[in-house]
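As structure tokens, here come the structures.
Two complexes are shown next, each including chain A; its partner changes from chain B in the first to chain C in the second.
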Partner chain A sequence: MKKIFIIFILLGCTSALGNEIVTQESLEAAFIFNFLKFVQWNDTRPTYDICIPDDENLRKVATALLEGKALNDRQIDVVNRTDNCHVLVSSTSPNPDSTLTIGSLDQGAMFEFLVIDNKLKFAINIDNIRKSKLKISSQLLRLAVPKE
Partner chain B sequence: MTEDQQAKTRKRIILLGIASAVIALLLAFLTLGFYEFYKLKEETVNKLESQTDMLIFGVGPALMFDDRDSADKTLESLRSDRSINRVRIYNTKGQEFTSFIALDQDGDIHFKKDIIYQNEKIGRLEIDARYVGFVDRFRNYFIIILIIFIFSIPITFILSAPLRNQVSKAVGQLSELTTRLEQSNGELETLLYIVSHDLKEPLRSIEYFSTSVKEEYFNKLDDKGKDYFDRVILAASRMRLLLDDILMMSRARRMKPPDEMVNGENIINDALARLEGKIKQVNARITIAKEFPKYKVERMWATQAVLNLIANALKFTNEGEVPNIEICPYNEKGQTGIMVSDRGPGVPPEHTRKIFELFQRAVERKVEGTGAGLAIVLEVAHRHNGDAWVQPREGGGSEFIITFAKA
Partner chain C sequence: MKKIAGPLILTFFFFNYTNAFSQTTDLTNLNLDQLMNVEVTSAEKKPEKYFTTPAAIYVITAEDIARSTATSIPELLRMVPGVNVQRITSNTWTITIRGFNGLNGLGLNGSLFVNKVLVLIDGRAVYSPIYGGVYWDVQGVPLEDIERIEVIRGSGGTLYGANAVDGVINIITKRPKETQGGFVTATTGSQDRLSSTVQVGAKSGGWDYRAYGTGFRQDQGIEGSQVDDWEEGQGGFRAEKDKWNIQGDFYQGYIGQQTFVDTSTLSSLPQVNEQEEVRGWNLLSRYQDDDLSLQAYWDRTERYSIAFGYRLDTINLDYTQHLQLTDMHELVWGSGYNLDVEDDINTDITQITKPLETNQVFSSFLQDEMTLTDKLKFILGSKFEYNIFTHFEMEPNARLSYELNDTNFLWAAASRAVRTPSRFEEDGIYNLHDATPFPNLAGLEISGSDDLKSEKMLGYELGYRNKPTDNSLVDISTFYDQYSDLTTLTAGNFYINQGLVYLPFQYVNGMTARTYGLEVSAEDKIKEWWKVKGDYTLTKLNLNTIPSISNAPSLGTDIQGETPLNAAYLQSSFDLPKGFEFDQTLRYSDRTVENQVIAPPYLELDLRLGWTHKSWKVELVGQNLLQPRHRENALSTIAEEVQRGGYIKITKKF
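Presenting the complex of A and B:
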């Protein structure tokens, strides 16, 4: 129940999770949702496109949790592709300038999810972030943990 | 004034100067103290408001990512701030997410603010803080004031030296003049008393022998002689009245201070009893108020003053009218006393003060009296720290008022 509540908090109390079982995927989806709040993209598209091509489970959970939610007057769209993404969750995909990439830092991603002491955390690769055209709030960056 | 007295005056001026400086500095100290406290309050509140915003900025994302460690690190930065007692962060359910406690007690200021991100409430922050640093600031002012005080004393002493000498000299002269004046007044009073008293003795002889002559040898005088003789008797009688009034005035001036509380009704009744014959003679109508307060007076003289006022009212009537007198308590403008009102011809405005002077009259000789009655009333009033005056009465006539100091 505690985890469910955490998700509830993470999604800013607007999620209707009911009694869903909380998994790492649902926490990651909630994290992705919160990342959107601290990142600025230069486009004016009406949606936030979150691309999750590799991890089907995560895509399903993210679709269930985030699809249809709105943020900054943009709808959230969870899609299965690798281009034209605002957020791309993939460990192998290329690293376009204006996409926030989540995967393995070693593979060139900007963010990587880590589980430390049974808690979901994230690490960042600051060089990759600097190379991109994204503006990411320092408030978010300071929450990152170092990758051991 | 002796050198000793002048030295005392100078010393008093120095002490007054120092006391003024102390009071001024004390007031300045207190004013600065209040100002500093107010400023400190304002500064603390402003600081807390900024600090709250900073904390929200730092803690908000940690709250969003359930990152308590990061939130704690942010809160730990408050450790150096002595004014913060504790900070608590709550989630949207009202459950405590994390807290920072330097001193677990309620402070002087309690702040609550919602943590809002992207127009969405994600939690609440509460701060308990206290005012610190006041004593430090106050201590600084105390030292400054103390230094000013230490320097101001010799400066006051030096600067006031010419003034001190002038004032002590002037006070000395004034004191000397006052003493001489008092002495001279005393001598004059004594002279007045002795003269009026001693003159009564030969006057009594004149009256006695002229009455005897009138009784035994009056018929031996022609009409002119009789007229002259009547004039002698009348003049002697008038002189006796004048001497009596002078004596009474002299005694009034030596009156002992009022020391008893006397019911106003007793004063009025005593005065009326002494005037009973005259009242019946002129068939006067006298109305007396039902209640009078108690006055702190010298009973005999208060009675004499009221008697004089009533006698005055009995004397001055319009042609063919009987005296119509009202006696009531006077209690206006913070003064207390007795008012005697008549329906007589009234007093012309230019004579309202004059009639209270000794032997000054606003009427011709045909109305009996020496012109001392109202002067005695005023003297009695002054001896009671009060006053006496006349004012026009509505509907005609006059209102004579004597007031006494309040008990």
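Presenting the complex of A and C:
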């Protein structure tokens, strides 16, 4: 019962999403798309390479949602590999210093997705971010929630 | 698929969300602030659909569980309108929906066999076909793992088959990917003497999985009466990869209880205290995609008491498929097969006279969900079932719903349901040579009957849901149900054997009933930090014995029985600063009567104070605080009073 009116509150603020089914995967993909806006990479490749090696579902959803889109004149490419990535979503993160890693903070990732009260949030490990060569806007970091 | 994992509602309104897929908003147009406020809906969880479900449904969410004072599933169900929970002893509850609590034939032991509600745990039925009913003492799913409990009042026969006459309780555990990490809990209190759960969740090779172990020791109720303390251990796992799901549990326990035994003399008491040994395991596998689901499970249950015992293996196969025929017609159909193999069923007191190695049920159902207009929907379907006792059974239903606008929803339903006789009602013999409940007699004999027919119910329901504001909800349903061929006992001619007087009873289809009622539930989030919810239940029973068939002495006409006429529940939850939570629960039940013994009305209060700090959570709970003890069930030969109590629980996440 409680869920019912939680949904109604939501309908109020995001009416665009009216009757829709929003999977965690599609939200994660949309988050990743937004992350790209707040991060500067030093390379000059024509693409943003989003590597999703482990999670097949997420890769499919992200491909459907993001392929063909462009940001800062770069095309977005969702790929199944672990090297030469701008963003790497993996449960075990090797930590190349110019890759934004999403996974488990305890395993060395910079970002971790959390589902809190049925909503997707993210937490950050500021040490791991400082160790990298990435420039991440504080606007993004401010949106992070603490991980319990 | 929806029948199993995302049960009834989804089947009712499958077309709602197939349509939804076609109008997807591009999420990349939203900024992070907006995205962080979007609710995640997984394939199995579509909470927004409850509002437009044409059935009386109530959902206990994981949040409700976290904020409740319950340490078991039966105690959780007290919050649901239309559901009557009576605690008989520290390990026994009778739980009914829309009436029929306790009243089963003569009431002698019958109270424990409330038999018109089907219970499923992740698609596995836990209704016992031997005596009919649910043994709540062995359904020990850790409460932390429950995603939600959907309680559907009214017949669920079309989708769930026989024995879902008065309703269905669907216990759905969290998916393994939602229980990554782990936790340890420790609880100690006056009733829950000691209990602990340990769980770990992880992933590897594409599989998400969890494994848990839990154990508890519960104190006996009133000192000096029956020894009803109990202890149990349970472990299990659930693993999921893509569309595959595998899960299983095992348990063993010792359940203290009082049992009538054969003393063969008039002088000594026929009740003895014993420890019933229970154990079992189950293994379930399911393949599920958007349109179809294939599920198989094997469940072993063993119970060994002095008077009743059995070993039962159940093998169950189920297939369900959705077909979008046209824009207007959405078809759901499925087939199932159930095999029960029993063993070790006889004791000195209870026997099954006709050994039956296997008991098979074949079933199919077909349901058409029609979108007549944007707002008007009509569902028509039926289950067809074949079983070896009563042969063909049919359980049709028709449901009409009208969505006036976003805040008003109306529905109506008519359905037919059956309860097939239990193994004991068909072929059982219960033989007690000294029956104190009938002090002027020496022997009591209850025997089953081959000629027993199914109990039948014709139900008519009307419901209305309203959202007065974005933060509140009102849900009203009414019903009128007609029952025929209800099973009861009739007494035969007494006879004298070795100087003792014996009175034989036999099961017959000797009762009819008309029941009607009203269930209202409402909730409101008054402030961001204060939620209130409550419900009210009216259940009127008119049970009538057919004198030409049954002469059962304790029954008569228009009997209300052991179901309270009025019941109410009120809960208020505060989110306080610094991670504190404070919850208060008031509940009221009218008096109940069995065999002219009255359990008086009671009002009880539970309080809970919770405190979360980082990965730690501490809860202090007081239960039944208004009086030292109260009686919930009138069956004085078995039922104990429920005591005031409390516990402290510590949870550490890692």
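Convention: the second predicted complex is superposed on the first by the 126 of 148 C-alpha atoms of A that agree within 3 Å, B and C clash if a C-alpha of one lies under 4 Å from a C-alpha of the other, contacts with A are read in each partner's own complex, and residues count from 1 in each chain.
Just so we're on the same page, a contact is a pair of C-beta atoms (placed from the backbone, for glycine too) under 8 Å apart; a residue touches a chain by one contact, two chains touch by 3 or more.
Just so it is clear, the structure is predicted and the values come from calculations on it, not from any experiment.
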| item | value |
| --- | --- |
| First, second, both or neither for A:140, with chain B first and chain C second | both |
| Touching partner for A:56 - first (chain B), second (chain C), both, neither | second |
| Touching partner for A:121 - first (chain B), second (chain C), both, neither | both |
| Contact breadth on chain A, by residue count: chain C or chain B | C |
| Partner chain(s) touched by A:31 [first = chain B, second = chain C, both, neither] | both |
| Partner chain(s) touched by A:72 [first = chain B, second = chain C, both, neither] | first |
| Partner chain(s) touched by A:23 [first = chain B, second = chain C, both, neither] | second |
| Common interface residues of chain A - those touching chain B in one complex and chain C in the other | 5-6, 9-10, 12-14, 31, 34, 119, 121, 140, 143 |
| Residues of chain C touching chain A in the complex | 16-17, 19-21, 23-28, 30-43, 46-48, 50-51, 58-59, 61, 63-64, 148, 178, 203, 206, 242, 406, 467, 470-473, 475, 521, 523, 525, 531, 533, 614-615, 653 |
| Partner chain B, residues of chain A touching it in the complex | 5-6, 9-10, 12-14, 31, 34, 37-38, 71-72, 119, 121-122, 137, 139-140, 142-143 |
| In the complex, chain A residues that touch chain C | 1-14, 16-24, 26-27, 29-31, 33-34, 54, 56-57, 65-66, 69, 91, 115, 118-121, 140, 143, 148 |
| Parts of chain B lying in touch with chain A, wherever the complex brings them together | 57-58, 60-67, 70, 91-93, 117-118, 120-122 |
